[in-house]
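A, B, C, D, E and F label the chains in the order they appear, each numbered from 1.
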Amino acid sequence: MDAFDPAYTGKVFIGSSASYEDSSVVLYGMPMDWTVSFRPGSRFGPNRIRETSIGLEEYSPYLDKHLENYSYHDAGDMMLPFGNPAKSIEIIKETAGRFFADGKFPLGIGGEHLVTWPVMQAACVHDPSVAFIHIDAHTDLREDYEGEPLSHATPVRKICEKIGPENVYSYGVRSGEKEEFDYARTSGMHFSPFEVAEPLKRDLQELQGRSVYVSIDIDVLDPAHAPGTGTAEAGGITSKELLEAIHAIAASGVHVVGADIVEISPPYDSGDQTAIVAGKCIREMLLGWTK
Amino acid sequence: MDAFDPAYTGKVFIGSSASYEDSSVVLYGMPMDWTVSFRPGSRFGPNRIRETSIGLEEYSPYLDKHLENYSYHDAGDMMLPFGNPAKSIEIIKETAGRFFADGKFPLGIGGEHLVTWPVMQAACVHDPSVAFIHIDAHTDLREDYEGEPLSHATPVRKICEKIGPENVYSYGVRSGEKEEFDYARTSGMHFSPFEVAEPLKRDLQELQGRSVYVSIDIDVLDPAHAPGTGTAEAGGITSKELLEAIHAIAASGVHVVGADIVEISPPYDSGDQTAIVAGKCIREMLLGWTK
Amino acid sequence: MDAFDPAYTGKVFIGSSASYEDSSVVLYGMPMDWTVSFRPGSRFGPNRIRETSIGLEEYSPYLDKHLENYSYHDAGDMMLPFGNPAKSIEIIKETAGRFFADGKFPLGIGGEHLVTWPVMQAACVHDPSVAFIHIDAHTDLREDYEGEPLSHATPVRKICEKIGPENVYSYGVRSGEKEEFDYARTSGMHFSPFEVAEPLKRDLQELQGRSVYVSIDIDVLDPAHAPGTGTAEAGGITSKELLEAIHAIAASGVHVVGADIVEISPPYDSGDQTAIVAGKCIREMLLGWTK
Amino acid sequence: MDAFDPAYTGKVFIGSSASYEDSSVVLYGMPMDWTVSFRPGSRFGPNRIRETSIGLEEYSPYLDKHLENYSYHDAGDMMLPFGNPAKSIEIIKETAGRFFADGKFPLGIGGEHLVTWPVMQAACVHDPSVAFIHIDAHTDLREDYEGEPLSHATPVRKICEKIGPENVYSYGVRSGEKEEFDYARTSGMHFSPFEVAEPLKRDLQELQGRSVYVSIDIDVLDPAHAPGTGTAEAGGITSKELLEAIHAIAASGVHVVGADIVEISPPYDSGDQTAIVAGKCIREMLLGWTK
Amino acid sequence: MDAFDPAYTGKVFIGSSASYEDSSVVLYGMPMDWTVSFRPGSRFGPNRIRETSIGLEEYSPYLDKHLENYSYHDAGDMMLPFGNPAKSIEIIKETAGRFFADGKFPLGIGGEHLVTWPVMQAACVHDPSVAFIHIDAHTDLREDYEGEPLSHATPVRKICEKIGPENVYSYGVRSGEKEEFDYARTSGMHFSPFEVAEPLKRDLQELQGRSVYVSIDIDVLDPAHAPGTGTAEAGGITSKELLEAIHAIAASGVHVVGADIVEISPPYDSGDQTAIVAGKCIREMLLGWTK
Amino acid sequence: MDAFDPAYTGKVFIGSSASYEDSSVVLYGMPMDWTVSFRPGSRFGPNRIRETSIGLEEYSPYLDKHLENYSYHDAGDMMLPFGNPAKSIEIIKETAGRFFADGKFPLGIGGEHLVTWPVMQAACVHDPSVAFIHIDAHTDLREDYEGEPLSHATPVRKICEKIGPENVYSYGVRSGEKEEFDYARTSGMHFSPFEVAEPLKRDLQELQGRSVYVSIDIDVLDPAHAPGTGTAEAGGITSKELLEAIHAIAASGVHVVGADIVEISPPYDSGDQTAIVAGKCIREMLLGWTK
């Protein structure tokens, strides 16, 4: 029917057109929020980003690139069992594994930050030498959260244990337990708290030629820029700075193999500004990091 | 991909599964709100109803029927030119005409109430003897609105002129201009202001065997039940009563050929209760009025 | 300038046209909320009612009357000193006194319920035999509130002491202290808790021929119908029932000399349904109670 | 310090004064929402109810009783491990068991409805003949929810299996799967869908003398009365009717041994009307059902 | 009446006192939003700005100037026909033309950005050599928007065609179609994307002595500073920077003949921060750009 | 009861554990907002800050300090008589006096800014040489506000008169009356408008060794960072800058004897970002300024 277009009112992210088979990039949602300790709601993040993406243009004046020249597919949201983190993580790991096996660039939307852990496990199967770039307000370096090893506060620690802390690069952190900061400072991981763009640019020089997976927790932004998130933390960076970081990665010689952006929680943002900034980041990640 | 299901997070209305070709019912959105005089926003109604429909069951305990036994297709939202009512109405009329021509039951979601006018024009081509059941807080009987004949305040007048006021049945009206009430009371149309279920049940007896098109403006509900609408009007009916009216039509011998529900405006309803009640009405209309 | 009309975007209540001198009714706001014990914000009530009144019609199909046949003047909001109840009450008493002296029907919009007290003092000067009809969820019969005699919880007690409890008629009350209910039941006042329309209709027969002042606290409505109020109290009446009560007074032989509607608090009502129902009540009070 | 009072700004529910030891009733929160399928947020329900309870009076004019004559203790919220339903349920069962063992009347506040299941297990240990009164919009009779036996959709089924369906009395249900309705109608449980007060009053006669546990899901109310809930369902009862049901139980000869009210989700209710109606229900439950 | 003051509760913008005849500046609203492609609601912008202006002071510490020394008149909002862009634009053009003819400085409040087009047409009649300063997140350089030449996305293109691109100065743009950026870069217009204050200060030197019309789209601000706008675009400037730009124009030798600020959409900003920043800009524009 | 912990769901500020007697710091709320001229609601500030503090960590990576090493007591909110500023101020003065007399560091949470005045009076009794550091968007230097000397617009003037303007240091001010700015610039007080961190750092050198009381009005932040405040004022500083100022005081040699943070108004901030930034400031003030 000519009058209808699936992208028209935000059912898929703007510019999604290729089928799964024909796509080089797969955009997919992981609507899981059952381990968050403060404010749940990020399960609604992926869809709100799609819905508000109709306010975006498909062209980036920053990169002078256009989505129509990219073959990407918005696969929708995964079906995950409510309240069962272990099973959810299994499903995500298997699905992400299939994306890598099929030669796709997986671009995930959270959901809580724990979803990054199974995707990184799949990334390591695909490429054991992959490094991890982590942009976040929180360390996420706990061994467990009140006894639970599968928690939104633990994924970066798990990834450190998986790929070695020396392959983990963390930026913008301004909150965590003392033990986490001690680990961050002594384990050998690359740790640049409070700031993002400047230390990232420095590190990207040594990362040149390497394959990396990049995970952005939207709460790295100040709550002024991203009020709709589970654990907003004052004193953060601006959306301008986050875009600058994305563009720095795009301009560097690193090989991004996959990425995600997480913790967008629409119920705490009546004007949807968090979904809007996340959508713009996704467009820039798509245009800047994939082919 | 097994992990993904288009209906999972509200991209289509729950239970939509058939393709257009295999469906007997087509659900479609008409996201137009450019002639509203007070609060715009109903362009976001259809999608919010889809999104919140995941909180509904596919089974109706009122009708003891299940969506899985129905072949219906959610076509998405029409592309309509912003700010151009005349062209928008042309597109709607043509699209609805195709639905009727293809033997489908069109179940439309507004958008403002003006969208009913082109659909009824198409319905008349399909079946010139069709009657019109109108459930609404407002008369919508103006000849023009501040000079504009294409306005959300005029569709019922236009329909009266098209099919004759004696074939128009109006319920629940509690607001309008004096001239509109005068017309309602003297033109020969069937006019039952303030109340819905009781007068409707009476009239359904005389309508038996006839084909009808039914249009529900969500503002017939009291603002307590539907705060998210362009022109909320106090003193309305409950959602229980509206469901009772839908079930009365289902139980009568009338032949419903098409229907719509309009004026759901999410920006004025932070808890989405308006989208939720509209979604339940749509399920009952689907199960009760179509085959 | 032809293109501009002060009533167009809610700067005055719909249909206000007469100058103060030519008007028989004066609509005026008393934006005071400094003694409320729970949620302040009713200072913004009068203006939000004006603003949302543009969604109303000037014609009432209930009364078959039209505002264009009434000469009323919207005077705007009084300037009251923030945080000074005593001085605020003085200003209100003096202003209302002038309205009565000038032969106007004062139709006040609150603000907290304490504003009724100075207006009733002025009404008594004008007509010492005036009775008081009180429609409210709360008794408002305290002698003081945590030591303060000038409180939103005391006006009806003060009025009882001024005009005698036997001249006070209270409806719909469902909350108060035990002492207040004891007073209500033993002082000789007419007290019909929980219900409004039925007991009011009974009492109106004995009130025939008398002059009355009527005060409506919007919280007599269930929070479903009026969420935007300082002290919402579950278990209330519907907007249909409140309109029925207003129409019953209009149809009775009582002589209403003045009236108010109070406690509309916009910050707690994101869809403005409370302002909308209050606006409709004001239109019906204007058309039904004044000349 | 004289100037401070823990009850003053909603840190405990109004009127809570006794220590745990001196209390006959314990009010406690179960802030768990990790298995909900649609909108999480009920973890914030108990505290928002406490906060808004300062708008309530301690006296009930319905029952002519006053909280100062009751010795009850607000214990606060349980610490429950985020995202771990099994462990959460263990903690609740153990804690509720201690309440029963200590001779207290446990009055719980959810959280999601699954929390009722461990409390009922504890109630059965305390009194194996206890019956279960269930007031809810949803059947909650699933065996599992997408494979998960510990889900907000399963507690009533589990309770049926535990105490026998003939000891379960369910009211107000208007949503569920066909299989659930089939079970409700054929298993021998007492099932009165759509309505609450009337069928409850009938059944209370046969329940006289028995001990019962009562669970109220706030979504039995129409979304107009309780927009802030995980899975709002249109077509529900009014707050007046729910209060009538509570009062009917108070007036009957049944022996209530414990109770809860669940699924209040503040993020979806900008005016807090859901917390306000829940708070009033809790006061009436306290005054009417306990000693 | 002494107790009443039209400016008291936001019925006019603070400090408005002169009559139209006695004023040198006219503040006026253009409440049109019918061509917006994403989120309508800017029709409520002008009034919300007036309402929140009561939180502002009449004195500017930046400019050391006071509104009491200015004779300006708040004319209210124009009456524009809903859904009819062509007729609306006619009315605006005619009204603005009268302002210029009467020797007034027109200070307009939108409404969508299309309203600038008819005002600029009137400005050109008044002064054919006028230049155009455009501060915005979007290029607004389309020839048409999905076929509609009268769209919120086209005004700057129309102005370029009217006065020549070499007389158009655009700042802060960060979104548009590729074709628009190509036009911006090749047509000869002055185009400084992403930044505002610095490039503007440079250009103001060459503009000295010229007459200019200035149009500010509030979405040039980052959504953190202006969430309430139709098409929020991340990566924008701060309110400090926008004030700096306004002050730079005030300090330069250009002759501002008229100005507007547009796209403030209150429904998407529950705390009204967008109306508040717009109100402060209006005060500074009044004090800095007019006499 | 092991399962319960008063700090668990925000009933006290995170990390509060000591009893009043054992504490060196007392955190206390002053929920007064009855003299505010624009938007009331700050009475709910202290409790919302406690509630959202559960999203904070007890460890500060800025200061490398942990709350567990501090003995502080959250005393809750004072009981203040609604609508009676004079009596409220008496209670605050007396209570704060007791804190000083008992050797505590009082850390107050407003409420409106007038609450600082009685605390400073108590501070002067305790230490007559105390200086006053004032961080705010508004001068607060009026002699009275529309005739009321006890107003949220007057506290700093009163303090100037009490301790001499030469002992008052004011930062970040960007709004006030001309007379206030004149006073600020000529009275001898230290006045650094528009900016905070830089001028503060300069002045801290001359303040070394002195005892100071510090008062932070949250509206010094731009509305982007603190939308939830009574009188939001555009053009403010970021939360990063405010944290920098707090840390500068911590690093200087001044002796802070008490402090407060005021004007957090939750009803105007649907995502609670204002409470969240205030909570973080409180933690840093606790860790940086007290022992």
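Operating definition for what follows: contacts are C-beta pairs under 8 Å (C-beta built on N, C-alpha and C of every residue); 3 or more make two chains touch, one makes a residue touch a chain.
Remember, it's a predicted structure, so these values are computed and weren't measured experimentally.
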Partner chains shared by subunit A and subunit F (touch criterion as defined above): D, E
Co-neighbours of subunit D and subunit A - touch as defined: B, F
Cα superposition angle of subunit C on its copy subunit D, in degrees to the nearest 5: 120
Same-residue or different-residue interface between subunit B and subunit D, half as cut-off: different
Length of the line joining the C-alpha centres of subunit A and subunit C, rounded to whole Å: 54
Inter-chain centre distance, subunit C versus subunit E - centres from mean C-alpha coordinates, in Å: 40
Centroid spacing, where centroids are CA-atom means, of subunit E and subunit F in whole angstrom: 37
Residue numbers of subunit A (touch at least two other chains): 37, 39, 79, 222, 224-225, 268, 270
Contact graph of the chains (line, ring, star, complete, other): other
Interchain pairs in contact, sorted by label: A-B, A-D, A-E, A-F, B-C, B-D, B-E, C-D, C-E, C-F, D-F, E-F
Interfacial residue positions of subunit C with respect to subunit F in the complex: 33-37, 39-41, 43-44, 79, 81-85, 87, 145-148, 150-151, 267-268
Footprint of subunit F on subunit E - complex, ascending: 54-57, 59, 61-62, 64, 66, 222, 224-225, 238-240, 243, 270-273, 276-277, 280-281
Residues of subunit F touching subunit D in the complex: 1, 3-6, 8-12, 20, 28-29, 31, 46-47, 51, 75-79, 91, 94-95, 98, 270
Of subunit D, residues touching subunit B in the complex: 37-39, 173-178, 181, 193, 222-225, 227-228, 230-236, 268-270
